[in-house]
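What follows is chain A paired twice: with chain B in the first complex and chain C in the second.
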Partner chain A sequence: MHDAFKSQVLNAASSAADAPWMPTGRDQASKDFTALALPDRKTEGWKYNDLSKLYGSELSLAGDSDLEAASGLLADLSAIDVPVLALVDGRFCSALSRMPAGVSAVAFSQASAEQQASITQAIGTQARSDGHAFALLNEALSEDGIWIDVDSGVNVERTVHVVSLRTVAGSAAPRLLLRVGDNASLSFAEHHRSVAGLAAFDLPVTELQIGANSSVHHYRFALGEEGNRHVGRVAARQSADSRYYAYLAVLGGDFNRLDFGLDLQGQNCESELYGLYMCRAQEHTDIHLAVDHALPHCNSKEVFRGIAAEHGKAVFNGRIHIHQDAQKTNAELSNRNLLLSRTAEINTKPELEIYADDVKCAHGATVGQLDAEALFYLRSRGTPVEAAQSLLSYGFINEVLLAMPDEATAGLVKPRVDAFFDGLQGA
Partner chain B sequence: MLSIENLQASVEDKAILKGLNLSVGAGEVHAIMGPNGAGKSTLSNVMGGRPGYEATGGSVTLGGVDLLELEPEERAYAGLFLAFQYPVELPGVSNMEFLKTAVEANCEHRGIEAPNTAAFLKAAREACAQVNLSPDFLKRGVNEGFSGGERKRNEILQMIMLQPKLCVLDETDSGLDIDALQVVADGVNSLRGADRSFVVITHYQRLLDYIVPDFVHVLSDGKIIKSGGSELALELEKNGYGWIEQEVA
Partner chain C sequence: MSESVERINERLASDYEAGFVTEVENDSLPPGLDEDTVRAISARKKEPEWLLEWRLKAFAKWKTLTEPEWAHVNYQKIDFQALSYYSAPKGQGDGPKSLDEVDPEILRTYEKLGIPLHEQKRLAGVVAVDVVFDSVSIHTTFKDTLAEAGVIFCPISEAVQSHPELVKQYLGTVVPISDNFYACLNSAVFSDGSFVFIPKGVTCPMELSTYFRINAMNTGQFERTLIIAEEGASVSYLEGCTAPMRDENQLHAAVVELVALDDAKIKYSTVQNWYMGDEQGRGGVYNFVTKRGVCKGRNSHISWTQVETGSAITWKYPSVVLRGDNSVGEFYSVALTRGRQQADTGTKMIHMGKNTKSTIISKGISAANSENCYRGLVRMAPTAEGARNFTQCDSLLIGDTCGAHTFPYIESRNNSAVIEHEASTSKVSDDQLFLCQQRGLDPEKAVSMIVNGFCKEVFRELPMEFAVEAGKLLEISLEGSVG
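Take a look at the complex of A and B:
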């Protein structure tokens, strides 16, 4: 199965060869990818994933896009009139984009020679280094990407939205590359969306470099549909005195895997990662988080909430690695999970690796059901049982939604959260 | 209004209520007093349909409706409200959302028009003022981080919003200082009326100085063993329960 998959990748990569300028060295990436041993169930970190869902079905690049469908997927963003950079089936679409002001943002395919040089310098510095198979696959298959470059001293206050839309079957491998200079700030959101019932395979990679004393808010909403598979990678790196806040949501889609890596490469950093994942029907979601504390005096906090209903299945793995030099680290990981049916399944595994002796590190992981006392309390006030379950479940994840400072952006995920509860098949 | 006949109930297969009779007319306030472990909370839990509290015999009817046959939410629609001894926290569920959902469901089932958002907000703020809670409490998670006294006041707030026919207050006064007690009593008194009745479960005569009952009952070992007027509460305060238990034995 692995060999068949690899030869499909090589074919797809060669068909992507005519695509506009790409900085990643497609040929090298496909060679490196095919030389890799692909993860399987015996590979650490992949044992809960049914990889036949990834390797078993056809892989070819998405063909011509349906722009009308793409425009339909942007209705809520159009309504709030925010800057949008749109990638449709992995390729930049200027007709659907509204370029942000006050920040350099450009598609790889439209980059000037000078911008190309910056992109080439920045790309792959984080995501490639760890031999992550699917990040390599992104490089082999990527047809376009977005480059956002915030100069030192610049504050981008309005959230910039990068939207990856899927309108036709096949694979797409969009790339998002961001560099924030020193003493700067940025709020950006990446959205992954698809039309319903599409056999779309998404392989997005985001790389983010945050300069000294800068602040970044990063929203990442993967709102999949039936038929979708999504294997994403985020690699973020912080310099000294920087602040990074990430808000992740994964809902829908047949198969979701997200590898999120954060590298604290400066002293005195602050990081807060909030995430929610919700699976129903036969959906599968796996979130792998890795936070590396390399230097002293950094604080990181991770708050993840998961819900599985019906036959949904979720995996959370949160690894906090505190290196020997990272004295006076303060790290706090909380992962709580809610099972709404007996057939749902959630596995959680916090992993703390601590090699420094003067650190504060707390973690808690739970998997449970709705509190019977709380349910009765609501019902005794006249709230019907289904509504009571929804209210409590919503309350369970609300902490993550409330953490998002940009309410308009948070509002883009809430309808999907509501829809999750509508018509759930009960216990 | 409320008629309880020969009610028997058990918790974890242990008989707790052993043939309890109580009849409450419209507009009346009844106090139930009794020693710890007598079954007072069990009575309110059985009336409310709390899981684990099973009625094994007898009947409870409210306005002619047999409560024991109903789901907990249907008992609310029939007009029952329980102010709990230990109200639980609902983390992440805002008080506002909680109240609005409940008010709307009750209106729908009682066949009255639900207030629009503006009217609801106004009523909720007024109710806050009445129980001396800042309107900020509407935005907070239900009972989340509330003190004991704030939880009890939040119960009265809900009672005001839901306009029940029968209010059962389970030791709402326990642990309250005199100011909070006054707030709770004022809330109850403001709701008193010809078509609303109260069952006030308490341990202390003190509350009954503020909410003057029409009748006082003594509950002991799962039965009402003595009933009287409000003067009975004073007697209990002075002499304890022992003399009645002996008198009955």
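Take a look at the complex of A and C:
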């Protein structure tokens, strides 16, 4: 199965458009990828994944896009009139984009020579691809990306939305590259959407560098549909005195995997990561989080909530690594999960790896169900059982939704959360 | 601060009192491992054919396995051909008849270690002891008293002769031959260990205990312990271990199997103080142990308590398979690492029966250049209706050159099961130290008190005699800590 998958990748790579900005180069990346042993169930980081879902189905580069369908997927964003950069099936689409003001944002394919130079310089520095199969796959198949560059001292007022839309079957591997200078601020949202019932394979990679004393809010909503496969990666780096807040949501899609890496490479950093993952039907979601504390006096907080219903399977791995120099670190991770059906499954592993003594680190993880007494309370007041369950489940994940400071952006994920509960059969 | 850490580490490097060597003549097998070695061990034990076949099957399987590398430890690979797989003090091969036949040199060894072998000299607490010296069991005390109650407590090699049906019925049912690399090796070459059988309805009249001692050079110790508690039976079992100080590494790869039937209760406690190696990390025991219990019957109860202070490398996950409905599994652990010790230890709780419950309390203390790691698994099978788990792992770091890690695996496939896990890592808090000192305690006492308090939840699970020993062990190890 691995060999068939690799030869499909080689084929797809050979038909992809030129991408001169890629650090490894397409040929080299696809060569490296085929030389690599692909992760399987025996690979520690993939042990809970049914990888036949990934390798088993066909892989080819997405063909010509359906722009009408793409614009349909943007309806809610159009309604709130926000700056949007649209990638359709991995390629930039200027017709569907509304460029933001006060910030340099451009598609790789449309960048000036000067911008191209900055892109080439910055790309691949955070999300290193050596030995990482799916990052290499991204480099082998990527056709376009978005470059957002915030100069030092600039505060970008409105949330910038980058939307990756899928309208035709096949693979797409968009890149999102952001650089925020010193004393600057940015709020941006990353959306991954697809038309329903599409055999789409998404391989997005996001890289983010945050300058000293800057502040970044990052929303990442992967809202998949039946038939979708999504293997994404986020790699962020913080410099001294910076603040980074990330809000993740993963809903829908047959197979979801997200590797989220945060590197704290300066003193006095503050980081808060909030995440939400919900799966039902036959959906599979796996979130791997790695927070690396390299220097002293940093605080990080991770809050993740998961729900698995019907035949859904959720995997969470949250790793906090404290290096020897990272004294006076405070790190806490909380991961709570709700199992709503007899056939659903949750696997979680909060990890701590600590080499410094003067630190305070804690993690907590729970897997359980709704409180019977709370359910009884609601029912005794006349709430039907399904409604009571939805209400309590909503309350369970609301901590993550409430953490999002931009209400309009948070509003973009809420309908999907509602739909999740509405559609549940006899939870 | 750095000065005080230095002082702690200096004190931590304190002498290993059990590090002496006993000069006795050995009857050893030459180093090397092949089918003949397995046959030779079996022949020396005069084992029946079925057991030899069982060993050979294990050996054939072992040859196909590779050493596991997933643990968070680094060590030089073991040359399995350079080890001797059997060593017995001369004249002990057939098993001792009475204390008078035991080499006085060996008796002195246990005297030095403080293990009472003479029944009349026993301390206030009544404990029956089985002592294992290298590959053989030297002596078992209180056999008669136990026999009156119907309890069988003897070396496993003796049980193979006297109660073959029981050994055959249970051996390898909890830890199968092919379970893992070291368990498989143990199945092929295990030499001795304890066998305990508590019949239906019997509460064992006294604590049972085994004391393991590795003495000879270049030998591996591969003991195998099997404890069976029938319906309604209950037993408390203790285990202690030491080894001489030697420059080379000694291998200890034991297997412990516990079986609890309906309403039975087994409590297994360990104080492990193998030689940990010197400051540079030379020598020391590799402690690669597989311990597992199965709560086979309804309402059965298995409890593991361990205090791990020794060994260069510890690789040990005492587990409970909760098969019977309403069964209970417990794991209480204190792991202290110092010098260049590395410990990767924890537990597995596999819930299969309805309303099964498990509790995991793990306390890790790391100092100097050591690595201390908790690795655990809690699994709720789809059949584990109403099952419950609570896990707490706390780590304490002393100095900035050590590491403390937590890798808990949590897997739930039942929506009526509840799992809670929490972990924390911190140092001895300055506030607590200040408070104690302000009230007139010297810094050493204060740290000792704080650490003891940190471990209290585990110590109170230990039988009295062991709790005292464990407390002392910790005190010696941590004397002089000023945070």
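Note that in this section the second predicted complex is superposed on the first by the 416 of 427 C-alpha atoms of A that agree within 3 Å, B and C clash if a C-alpha of one lies under 4 Å from a C-alpha of the other, contacts with A are read in each partner's own complex, and residues count from 1 in each chain.
Following the convention adopted for this analysis, contacts are C-beta pairs under 8 Å (C-beta built on N, C-alpha and C of every residue); 3 or more make two chains touch, one makes a residue touch a chain.
Here the structure is a predicted model, which means the values were calculated and not measured.
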Overlaying on chain A: chain B and chain C, fit or clash?
fit
Answer with first, second, both or neither: which of chain B and chain C does A:Ala184 touch in the superposed model?
neither
Chain B versus chain C as contact partner of A:Asp371, first or second or both or neither:
first
Going by the contact rule set out at the top, does A:Ile346 touch chain B (first), chain C (second), both, or neither?
second
Should A:Val385 be classified as contacting the first partner (chain B), the second (chain C), both, or neither?
first
Given the touch rule stated above, what does A:Tyr355 touch, chain B (first), chain C (second), both, or neither?
second
Looking at the overlay, does A:Gly395 come into contact with chain B only (first), chain C only (second), both, or neither?
first
Could you let me know whether more residues of chain A are touched by chain B or by chain C?
C
Pick out the closest CA atoms of chain B and chain C after fitting on chain A and give their distance in Å.
15
In the complex with chain B, residue positions of chain A that touch it:
371-374, 376-385, 387, 391-392, 394-399, 402
Quick one: which bits of chain C touch chain A in the complex? Just the residue numbers, please.
70, 380, 382, 395, 397-427
Provide the residue numbers of chain B that touch chain A in the complex, in ascending order.
48-51, 71-73, 75-77, 81-82, 84, 87-93, 97-98, 101-102, 105-106, 109, 141, 158, 162
Given the complex, residues on chain A that touch chain C span 44, 324, 327, 337, 339-369
